[in-house]
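Before any comments, here is the structure.
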Amino acid sequence: MAVTKETLETLTNTEPARPRWLQAAIDFTRKRPLGALGAVIILLMTLIAVTAHWLAPYDALATDYGAMLASPSSQHWLGTDAYGRDVMSRIIYGSQTALIVGLGASLIGGTLGALIGVASAYFGGRIDLIVERFMDVLISFPLIILALAVVAILGTGLTNVMLAIAIPMIPRCARVVRSSALAVREMPYVDAARAAGFRDSRIVLRHMLPNVMAPYLIMVTAFLGQAILLEASLSFLGLGVQEPVAAWGLMLRGAAVEFAETAPWMAIFPGVAISLAVFGFNLFGDSLRDALDPRLRTQ
Amino acid sequence: MLQYIFKRVLLMIPTLFGVAIIIFLLLRVVPGDVVEARYMAQGSQFLSQDLMDQERKKLGLDQPLWRQFTSWMGGVLRLDFGLSMWTGSPITEEIKLRFALSLQLAIMATAVATLLAIPLGILSAIKQDTWIDYAVRVFSIAGLAMPSFWLGILMILGMLIIFKWLPPMVYTPFWVNPWDNLAQLIWPALAVGYRYSAVATRMMRSAMLEVLREDYIRTARAKGLWLKLILARHALKNALLPVITVIGLEFAFLLGGLVVTEQVFNLNGLGLLFVEAISHRDYTLTQALVLIVASFFIFVNFATDIAYAWLDPRIRFR
Amino acid sequence: MMKRLASLLTVAASAMLVMPAHVHAQKYGGELIFPVPSEPPSYDGHREETFGLIHPLAPFYNTLLRVDPNDRGGTKPYPSIAESWTASADGKTYTFKIRSGVKFHDGSTLTSKDVKASYDKIIFPPEGVGSSRKGQYADVASVEAPDASTVVFRLKRPSGSFIASLLSPYNFIYKADILAKDMHWYEKNIMGTGPFTFVEHVKGSHVVGKKNANYWDKGKPYLDGFRAIFIRSSSAQVAAVRGERAHIQFRGFTPADRDSLKAALGDKITVQESPWDCILMVALNHEKKPFDDKRVRRALSLALDRYQASEALSKIAIVKSVAGVQVPGTPYATPPEELEKIAGYWKDIDKSRAEARRLLKEAGAENLSFTFKNRGTPMPYEPLAVWLIDQWRQIGVTVKQEVIEPAAYYTPLRSGDFQVAMDFQCGYIVEPDLDMYKFLSVDRNHANYGRYTDRVLDEMYDKQSSATSDEERKKYIRAFEKRLLDEEAHYLMTLQWHRIIPHSSKVKGWTVTPSHYLNNTLDVVWLDQ
């Protein structure tokens, strides 16, 4: 019996048909349970951030001087802060800040870094040398110190903090992407494109960038967790997001430390939220890195 | 080899120079200066523009930028960092004590990180994909996820509530009173070391996995765990290199990057000094600090590169 | 007879028992340890403006006059280097008798020459020498030292606040010979006449002083020495007191700190509190629309429920009393029942807010939104900003906070690059001339960040300053206050700061005052241990 198209289809259809993405998700879960756990945490966090408006029992900004520093109860599940604001609502709304800053900073930093890395690898020669040295210079500044300097120049606030976190990430991403791009550059199709007389910008954007997506994605996910942490640190120092915006790092500042003994919920829950979010991103990022680039595992 | 070292040393010079230029310019872009920080931070009402101009002149802030830069660089080349603009005393004196504290803390945290990372990494590799492996990985990733300042707050809170005891407030050099010294620094070292052990643990785990995949070790599988470990020891030496690199680079960062932890534990280290210097707009001190931390980092980088080249001659000819 | 003698002896004995106890109530010895939240940039009190200099360095020096160390009001002039003083009938000449037997720590004797040299440096600094308080003595024509024990200040015009200006704790008396050689010497060195001598300053760590055995005030100081530890983080300062590693912090703690210290240490902690001569105000930039409209400004003041805030915020921040232009409870302060008549101080907050909304509507600024610039100093700037923004939200005004680092904070304020901003006023002594100077028209005082010109207000200031009776002065101060806060609403007052000093009960002889600049000579402080 000749194998017809039909038999092939029936053969593959013996198992109930699953969409491809679901199958991929199941495989991923089976192979990397920790990564899947991370993904679940991220999904949950995103869901919370998107539905914060409906989910939060109180307005995150509403003060209630009659219920200052109230301990967890049926009215306020996670207690209230020094202004009588509901801690749970602020944590829920805080996830928006964390996600916006985390995503924003790592996308800006990662993308700029990737562009610089690819361009540097593509042009090579003197340009590469100069760009590399410049990245060396940037990388020699400790992360937080560069961020502090940027905040000092730009001022505080959501957008500026995002930039302050993104800038130190540029050289780190550029470096990793560059080394992958160097290999891509030697590929025949890049030579072919050049021979065909395509413009440099087209070759970089169309041919090289897509081929360094793996290291780019790995770097961006790795940055995400770090960016959330950095935002928390900056806000904790008073250099990040500003009151009355709900942000986790900000919630750990001032009164949370002062009243740590009598109202520990103020210091504990936002910290748990930060840790859990970063934990999720790290777990997922780690597994993604293993899945996308087995070579990187041993580096 | 000598040629390679020479080449790498030459490469360090433009990097350091770049760091110097960037921090110099960054500081001038930041609004405000040391004179404003000194006289206007309190919002004084009885203040004259004259006085501020005089002070600026005294500090050389009225000079054109290129002249300020060349005179600073001239000093640095003679290893003279000049005077702090805020306090007027020599920068070496300002930094000395803080440097000792930061260096000790960095060493202690690195020790904590290494002591955690190596056994945990090995254990995790040997027990790959068992619950032990997962537990170790969760433990180390959790360390990376928890803000170390939050961990610090919890530690202090715990000590306060449970033991009714707090670490000493003032830094005592180790040789003066080792007990007081350790009682103060062990906590931040634990908080930071735990965090930094995470990356090293992961490196250690994958290095170990690599080694375990070597054929002769696989064959030893039947002969029991201990033999496997003994055999692995030899192969491990090379595999340890990335682990050492990670630890080295983190060590360099610990020196100046512990701003928030220092704040929580009230440590008078380089990180807080940096924050203070920036908030006072103390240009000379900030520049010196950044240059020191960056050179440290660049040097560690250099040292690991040399070590790599020494172990793997191919690199030298790249 | 014997019996009588015996009873006499008993009386004498018991008298002796009582007597020494009374005379020697103060104990000698011990080292006072206190954290200082900021470190002095230089050692020159004439140049610096921070309590970070006063707390560790004031014990090394004396000033011409000082505030009575036992006066809780912190205003009573008290002799120090000057034994006594007289003012001429026209109020333009002040003559001070300099105490004899005052010695510098190097053994040399202090004379009027040293006082003159020090004040010349403060009032008439030569080119290149910084003096932050020069402007405060604009009325002084000359300082003279006719003989070794006399100093004469000649003024251009009479000034009601001249003596108060001499109480400044920054005006250390330096040695003339040293100043003659090097005007900058005192920036990096210490040589005074104070109750303690300088031992060491370890940068970033601490300053140590030890008892000056040859102090001119015999029997003082009581302490063997002191140790000022620089601790920036406030939680670490509290921890130091709590862990009994420090006795006292002289600037002030928060209500939370006070409660946790009291809860942990009970009787081992003594709490002293006082209204604090510092206040945060809201500067409304009159050059920016719509803040040129007094209806808008009044509305922003009317939105504030100051009484509720007083109760609520005093639990979490270092503020308490509802205040006008003078520290509540001080001689020239408006009594509460009169203050209630000022717009924004009405007891009925609903009525206030309705009026606020009406005013905004009338001014066409119903959906007002603006950026509020605030200084990056957490306490009490942050809680007050959170409170203000929430209060304004309740009349439909949307406010975004922009926090600026302390060092850069006054740059936008001075250049007028802001709409609404937090402003600050803090004095070492409660004195209407000094406290209200802030609000004069912008051409008379460039630290007026409201950037307005109001000649009526200026005139009221001048009238109160030259008033001859207390009653008259009070009248003008009230009128000034009414115009500033109500009619024109140039500035909005938040709450008066509240100074809370919970200290080890071992610390005796120290009295809280409305200023954290005062009372740090430590000559009268002793430790009960």
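Brief remarks on what is shown
Residue numbering begins at 1 within each chain, and the chains themselves are lettered A, B and C in the order written.
By our rule, a contact is a pair of C-beta atoms (placed from the backbone, for glycine too) under 8 Å apart; a residue touches a chain by one contact, two chains touch by 3 or more.
In this text the structure is predicted, and so the values were computed from the model without any measurement.
By count of C-beta pairs in contact, B-C exceeds the other of the chain pairs A-C and B-C.
Located most centrally within the structure is B, per distance between chain CA means and the overall CA mean. Once the centre of each chain is set as its mean CA position, chain A and chain B turn out to be 23 Å apart. Averaged C-alpha coordinates put the centre of chain A at 48 Å from the centre of chain C. A separation of 40 Å divides the Cα centre of chain B from that of chain C. Looking at chain B, residues 30-31, 160, 263 sit in touch with two or more other chains. Annotation for chain A: residues 152, 257, 261 touch two or more other chains. Contacts with at least two other chains are made by residues 235, 405, 408 of chain C.
Chain A contributes residues 61, 63, 65, 68-69, 82-83, 152, 155-157, 238-239, 242-244, 253-255, 257-259, 261-262 to its touches with chain C in the complex.
By the touch criterion given at the top, residues 33-34, 133-134, 136-138, 140-145, 148-149, 152-153, 225, 229, 232-233, 236-237, 249, 252, 257, 260-261, 264, 267-268, 271, 274-279, 282-283, 286, 297-299 of chain A touch chain B in their complex. In the complex of the two chains, the chain B residues touching chain C come out as 30-32, 36-48, 51, 54-55, 57-58, 86-89, 93-94, 96-98, 156, 160, 164-166, 168-171, 263-266, 268, 272-273, 276, 279-281.
Residues 35, 41-42, 48-50, 127-136, 187-188, 202-206, 229-233, 235-236, 239-240, 242-243, 245-246, 264, 405-411, 413-414, 423-426, 437-438, 445, 447 of chain C touch chain B in their complex.
Contact residues of chain B toward chain A in the complex are 11, 14-15, 18-19, 22-23, 26-27, 29-31, 134, 137-138, 141-142, 144-147, 149-150, 153-154, 157, 160-161, 202, 206-207, 209-210, 242, 253, 256-257, 259-260, 263, 271, 274-275, 278, 290, 293-294, 297-298.
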